[in-house]
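The chains carry the letters A, B and C, assigned in the order they are written, with residues numbered from 1 in each.
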Amino acid sequence: MQTATGYRKWISFFLIGLILCLLPLLLSQYLVSILIFIGIYAIVALGLGLLIGYAGQLSLGHNAFYGIGGYTSAILSFRYGISPWFGILSGMILTGVVAYAIGKPVLRFRGHILVIVTTAIGLIFWGLFGEMDFITGGYDGFSRIPTLSIGRLFAFTKDIHYYYLVLVVLCIAFIIARNIAKSKIGREFRTVDIGGGGSEVAAEMLGVNIGKIKVQVFVLSAVYASIGGSLYVHYLTHIDPTPFNLWMGFLSVIIVVIGGARSLWGPLVGATFYFGLKELISYVISLLMPKTQSVIVAGGEVIIFSFLFVIVLMLLPDGLVGLPRALFGRWMRNQNN
Amino acid sequence: MDTQYLELKNISKDFGGLRAINHLSLNVGKGEVVCIIGPNGAGKTTLLNLITGVLPISSGEIYFKGKRIDRLPSYRICKLGINRSFQDVQLFTHMSVIENVMVGCHNRMRSTFPEVMFSLRRVNKEHQEAFERAVEKLSLFNLDKRIYDMPSNLALKDRKFLGIARALATEPELLLLDEPVGGLSVDEIKEISEKILKMQEEGLTLLFIEHRMELVRSVSERVIVLDFGQKLAEGTFDEVHANEQVINAYLGKEEE
Amino acid sequence: MTLRDQILQVLISGISSGSIYAIIGIAIATVYNVTKIFDVSQGQYMMLGAMMVCLFRSSGFSVILSIVLALVISIIAGLLIWRILFYKSSQKLPHLTSIMITFGVAMFIEGVAYLFLGTDTRTTPYYLKIAPIRIFKATVSPQAPIIYGWLLVTVLGLFFLFNRTLLGKGLRACHEQLLGARLVGINPRSMMYFSFFLAVLVGVAGGIVTVPLTAASYSMGWNLVIKGFLAAIVGGISSFQGVIVGGLILGLLESSAAGFISSSYASIISLAIFVLALLFRPTGLMGSVESKV
């Protein structure tokens, strides 16, 4: 319903699209692989962004859903020879079912119960991924997972191919998220966000089935995470529990919040910011302290990002996406004085 | 007049040891405008909360058009045709004026999740229709020029109007208003009186709580007086104002 | 080992770990009851206390000195963080944001521990130089009496505080009726600081007391805080006894699972059972009836 910006909007989309398509041809393979990770995490963050930014619910255990997607797809395609595409689909369905089973009873309660339960779920599933070695390959995992391919014509083996695949999936995911956010469903999500100006009492009185809405957004965010997990697994063609630990769940939340939870661009910005800054940090550390162990880098990463996370929460609630307004808003006010 | 429209049969509400509503029975007929008055703490808002499913009743039954509604959650009651405004308005403060009202329009929208995901033409059409309906409701209150404003930028009167417009967007048959003119000036009260009478003309049934007698006198056909969760008196505005018990409990103390 | 001995062993280790969960549950409940915020960082204070003690001990300090140093440093760190964060009134922030901030703090502390204290699991010798106690064929570690003892001290101390001192009553007043508390001159902000200080103290001391038995690693905080909170809620977060009961039950559940089913699944099973219990009985076993927790 906003005023259409017509041509300008389409032109900028076209330009961005063009740049994104040309990027992998210009960059080294290492950088392209980073872009792939950015894309995958952006997909996860998009779903989580709807949950946190629109519906105001916090889940710290989304690594569980990322992992269910990843393991389902890996196991079905590796062990049972099922096409990876069906593996991804099955992952989505299974994740949806699990998320529904968890969400339905838990979302009746106040928000912090969801935080506790999802963290516990994150711990539980990470433990399961490691312990159930008869299916999951245990803590060592397994390799030689089939890559995605289009029939016999084309296999996504090279990084560049995978980049375009992830880009396409991300675009679709983004468009769907956007459609939902701008629709009556998105509006209903926002009515239950108590911290952000919602009012559950009023919403319910206007016909919004609050319980159902919360479960819907929770399941949606879980399914997005599972897609990310499956894509991850078919890219690496190796799986083990490490990338599906609690830290991944935390990281997803950090990315969403730093990028900007209330906007759909926030998760994308956040993912780019995270990987970009991470590379910068390890580069700088390797320059200053060449004989450094990876422990320093990893520890430094946690400290820096948790610090930024808290700063954003306190001072910049709209995230990086809101930074221009925060900076220029003051400039404009000064101009008027 | 069909008095079986809204029926409260012997309802009580306890909060721990406190009995807020005590064996109360009352009826509202279709098309009526009924007002509930009474001292603070008499249980008036609690009564509205019980009817609209915000709180569960402790005993008794509530019927609407013959159907039992006292166990239903609020969103079901909304779908049955009852809606309300809130004493503290309860607007969605991060959403614009038009968006607040559009949530009310959702009541009549039928798009499903998959349809929305892919933004099918039907979804957009329905969205456009909802937008227009919302603007129409807002124009009743002269807010159609301010649809993109945020609630925090509105004056109290407009915020209250917005709350009512939002409730009206659900196309209710029975509208409950909780102190719609609290804090407003005499002129603003006249404005609302006119709007209420217009709503009644269009077939709406109204039950509202109010302290300001200007409003009560100008629109209500019947007045019910509540005290300590019980019905103290019932009748027309004049009858009730002549009632001694009512004067002692409530009216005599009024400065206005 | 006969069944009887096995059961005894399960009981003993269950009560030990249950006491740990009870201690951290108390810390979490204290903050929650006064501020209504679920402080995710509580687990990290126990970790800090534990890690500090190990650090100082292995650097050659005496037991007493190590403990004192660990206490002092961890508490200062905790209070500093609280001071910095909640300088801006935490009341004005939406609930969700407050929880997220505590979560950020928790990660920050973990990161610092990771960086400066490394990934190794640290431990330290038992404080009491006695041999493990044997009851029939089950072993009670020498640290166990200290743990139980400390739990008792903590509980009695807090009980005394809440019921007999003005300060404690002030805390309870804030929990029950914030406006009323304000009206009689109690400063809620100070009460919040104090409840947090208490919680940190309890957590740090708990870590110091239990580390000879359970060892310490930089990531132990999450496991503790989740179990602590689950224990507290299932037990009944507004009631002292509830939290303790919850903690003990969780500990026993875990050790039973470890002893009779499988030690690697023990944690998973106990977590899962408690999550289910939470969903079916959200007000807890002994808590007061609140609407929707």
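Rule of thumb we're sticking to: a contact is a pair of C-beta atoms (placed from the backbone, for glycine too) under 8 Å apart; a residue touches a chain by one contact, two chains touch by 3 or more.
Not measured: the values here are computed from a predicted model.
Can you identify the chain nearest the overall CA centroid, using each chain's own CA centroid?
A
Give me the two chains with the most inter-chain contact pairs.
Summing C-beta contacts for every pairing gives the maximum at A-C.
Just the number, please: Cα centre separation of chain A and chain C in whole Å.
One centre to the other, that is 32 Å.
When the C-alpha atoms of chain A and chain B are each averaged to a single point, how far apart are the two points in Å?
The answer is 42 Å.
How many angstrom lie between the centres of chain B and chain C, each centre taken as the mean Cα position?
It comes to 48 Å between the two C-alpha centres.
By residue number and range, which residues of chain A touch two or more other chains?
196, in rising order.
What are the residues of chain C that contact at least two other chains?
none
In the complex, go through chain A and note every residue touching chain B.
1, 175-176, 179-180, 183-185, 187-188, 190-191, 193, 196-199, 201-210, 216
What residues on chain A touch chain C, complex-wise?
Its residues touching chain C are 52, 56-58, 60, 105-106, 108-113, 115-117, 119-121, 123-124, 127-128, 131, 194-196, 246, 250, 253-254, 257, 295-296, 298-303, 305-307, 309-310, 313-314, 317.
Inside the complex, what are the residues of chain C that reach chain A?
37-38, 40, 85, 88, 94-97, 99-101, 103-105, 107-108, 110-112, 114-116, 118-119, 222-223, 226, 229-230, 233, 264-265, 267-268, 271-272, 274-275, 278-279, 282, 292-293
Can you name the residues of chain B that touch chain A in the complex?
52-54, 73-75, 77-79, 83-84, 86, 90-95, 98-99, 102-104, 106-107, 109, 111, 113, 116-119, 123, 127, 130-131, 166-167, 169-170
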